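As structure tokens, here come the structures.
You will see subunit A twice below: alongside subunit B first, and alongside subunit C after that.
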Partner chain A sequence: MNGVAMHIANGIVNAQVSAIFAAIAAAALAICVWRGRADLDDRLAPMAGLVAAFIFAVQMLNFQVLPGVSGHLLGGTLAVVLVGPWVGALCVSTVLIIQCLLFADGGLTALGLNITNMAVVGTAAGYLLVAGLLRVLPKTPRGVAITAFVASVVSVVVASQAFVLEYALGGTTELNLTTIAGTMAAAHVLIGIGEGLIAAVTVATVARVRPDLVYALRRFRKTASPSPKPAVPAPAVGGAA
Partner chain B sequence: MKKRLGWFIAGGLLVAALLAGVVSSFASSSPDGLDAAARKGCTFDADDNITGGTCMVQQEQDHQMKDSPLADYGIKGIDNEYLSTGLSGILGVAVTFAIGGGVFWLVRRRGNNGGDNQDNEHTEDHAPSGATSA
Partner chain C sequence: MGAGHAHPLHLDHDSRVHRLPAEVKIVATLLFTIVVVITPREKFVAFAGYLLLLVGVLVVAKVPPGWLAKRATIELPFVLLAIALPFAGHGERVHWLGMSLSVDGLHGAWNIFAKGTLGVLASLLLAATTTARDLLLGLDRLRCPQVFTQIATFMLRYLDILADDARRMRVARLSRGYDPRFLWQVKAFAVGVGALFIRSYERGERVYLAMVARGYSGRLPRPEGTGATTADWVRSATLPIAAGVIALVAVLA
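This part shows the complex of A and B:
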């Protein structure tokens, strides 16, 4: 077995902390279903299925970032731009659940940790940046590509630090946390750049072909929605702080 | 679903299937950022057993699903690595779209423009229950 495991395995973080994060993840997903239903119409539902399938596919494409170290897309920011924060978090979770149950990737005990990091924290961080950046950047394919790139880099690094927090709370080996945080951050800045490039190309392509299918363009366009509420509430970041 | 959206979804799925089915075989096999950090501090022999040091993976336990026919992104019984990885990837894309798209379709907001107003059942908290299996 070499390098096929991409997510947190069983036993890295102890059972109690894993259980706490499973509860946090479950609560966050319940909120996402509740809020996401308002977004999910006949057009967004199949699009969300496609986004989940696409993230699954691209997560298989590990790219080299350092000698002996690779990385892959997490997908939170990509999902936020295309289908919005709530449904986006559900897309990433769907991928993680299927990878865990069918492909034995990411421990079942660790599923809550993985969902918290990648689907909840990563998506929330990506969303905050996307919402902020699209207020100043032009709502064009290029603007949305730059947004996706920057938000991806930040989101991946933040998600990697969420793991460090979990390890600080329940790591099963005595190790220096500062070293872990540094190692994780360094690798994930590079992974984030790779993810950013993939996300930028993807959203720019969709924005060119079917701009009406890009949630971030629809939702944040000034004229589109009649209900004036540009200041969007932050999604559940329960596990972050 | 409108016809043009159907074509877009089909096109997107084709791209995903090509990425998971073909390009995936050329992906890097080095441990990813998390795995590399988890192995840091230990030394490993050729069979990937820990031979010394201190690192996060020391306490790692087996995956509950390690005997899944699709475990580790391959298909049990297919020896050709490209075929095994590629087919498992295509299967994964299909399953993810079917389950993800199916659940999203079931919990979607109805009535506004779809026109299919079947009996409006409230399946609010039904969907995520599968998500909380941990």
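This part shows the complex of A and C:
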């Protein structure tokens, strides 16, 4: 883990705006915890952990955009497709919290900003697109892959613009905002394409081998679950630890 | 990579800081960082004071300064951004060594550099003295929603699985004489990513079902200790309180 990965650090955006976004992030996550608890069953719990670990690994891939501004993959759309919007947002924010506490990546006071951008805005944009596109596209591995690709590109760019908004509200130094917005958008289109390819390939493989694991396909399969491995036993009742 | 409890930034030895419960360390780091961030950027003395406080923690925690400095390079991208600011900033400009620099940009650069570095050093000290397992236990004791600790627990377990499986697949590919490293060979990488995901999931699923069969219900048992004592809280509070006093003195002076 020697990759130089970095989220927004302390001191980039001023304290008031950081506090506002910390409150927004906390409120959004509270909703996700409330809605996500119902989703988190025996199949989704290990999947959520794996998705989080995968996002963690993928975020280590960093692209130098300009000297000093680097972008990285976000992973929100992958999470949305595999574990749903609520648990997906929780996965991304778990990654961000652990990166902040154990890997000194991203400032503690900027955690609210980072969570808002990547876990809330990125995931929400990804979810809306996934939900919309899957209505039109075929519910096949190929359709899901295309969906994941398009949603990734858009959600990454949207998340990067959320940073521009935060910087406009509370940036500690005056810079030309249109330049930042343009640079961030251009860079994140490229990053989004990289991310989209990874998400599409992963989702397509999972949809082909274990379609039962793809959350986004669940509601299209209400009757007769065709999962090849339905053998998830009921949780042990009252097992002695 | 046998034990899944360590992480790359953990420094495995014993010290008074290592022995503190994780929850008090998390709270102390958070409060310290908040004090650093809200300090006005032109109070240069205060930032020197904060650095001295962190040096104090470093000495008590027996963390080698070189070890810390090497890992603090994670901050480099933002330092580069800071260096660019004096050239790109607006407003009043000063001339120094033939370069025209923006005053606001210089302040901004100092702001990012000082606050960023202090924050990274504080987080690194927390990471160096806390194992992943203790950190999760600490978050749990701080009433962090169980969904988070559950996802985080699995995530840290899966990280090792992913790394190990990725290594195995790489060795398998190399030993068959294929080493994709160019853009047009990206398909091999892509196929590998999908396969890695499924392989890791199925290994992890077996582990999870084994855990459920042994009575796991979303929370790992807390084997020892009852959490932080008042003495622990008082001891760790010295860092944020000292930082707060420095900030107050600097602002009032």
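Quick note on the criterion: the second predicted complex is superposed on the first by the 206 of 241 C-alpha atoms of A that agree within 3 Å, B and C clash if a C-alpha of one lies under 4 Å from a C-alpha of the other, contacts with A are read in each partner's own complex, and residues count from 1 in each chain.
The definition used in the following text is that contacts are C-beta pairs under 8 Å (C-beta built on N, C-alpha and C of every residue); 3 or more make two chains touch, one makes a residue touch a chain.
These numbers come from a predicted model, not from an experiment.
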item: Contacts of A:Ala15 with subunit B and subunit C, given as first, second, both or neither; value: second
item: Greater subunit A contact set [subunit C / subunit B]; value: B
item: Which superposed partner A:His188 touches (first subunit B, second subunit C, both, neither); value: first
item: First, second, both or neither for A:Leu44, with subunit B first and subunit C second; value: first
item: Which of subunit B and subunit C A:Ala26 touches, first, second, both or neither; value: first
item: Partner chain(s) touched by A:Ala204 [first = subunit B, second = subunit C, both, neither]; value: second
item: Touching partner for A:Val136 - first (subunit B), second (subunit C), both, neither; value: neither
item: Partner chain in contact with A:Gly107 - subunit B first, subunit C second, else both or neither; value: both
item: First, second, both or neither for A:Phe163, with subunit B first and subunit C second; value: first
item: Subunit A residues contacted in one complex by subunit B, in the other by subunit C; value: 1, 4-6, 9-12, 18, 33, 36-37, 40, 42, 45-50, 52-54, 56-57, 66, 68-70, 87, 90-91, 93-95, 97-98, 100-105, 107-109, 172-175, 209-210, 213
item: Residue ranges of subunit B touching subunit A (in the complex, touch as defined); value: 1-2, 5-6, 8-9, 12-13, 15-17, 19-20, 23-24, 27-38, 40-41, 48, 54-66, 68, 70-73, 85, 88-89, 92-105, 107-109, 112-114, 124-125, 127-128, 130-134
item: Complex contact set, residues of subunit A against subunit C; value: 1, 4-6, 9-12, 15, 18, 33, 36-37, 40, 42, 45-50, 52-54, 56-57, 66-70, 87, 90-91, 93-95, 97-98, 100-105, 107-109, 172-176, 197-198, 201-202, 204-206, 209-210, 213, 232-233, 235-236, 238-241
item: Subunit B-facing residues of subunit A, complex; value: 1-12, 18-19, 22, 25-26, 29-30, 32-34, 36-50, 52-54, 56-58, 60-66, 68-72, 87, 90-91, 93-95, 97-105, 107-112, 115, 160, 163, 167, 171-175, 180, 183-184, 187-188, 190-191, 209-210, 213
item: Touching residues on subunit C, where the partner in the complex is subunit A; value: 7-9, 26, 29-30, 33-34, 36-38, 41, 71-85, 88-91, 104-105, 107-109, 111-112, 114-116, 118-120, 122-124, 126-127, 130, 132, 135, 145, 147-148, 150-159, 161-163, 186, 190-191, 193-195, 197-198, 200-201, 204-205, 207-209, 212-218, 221
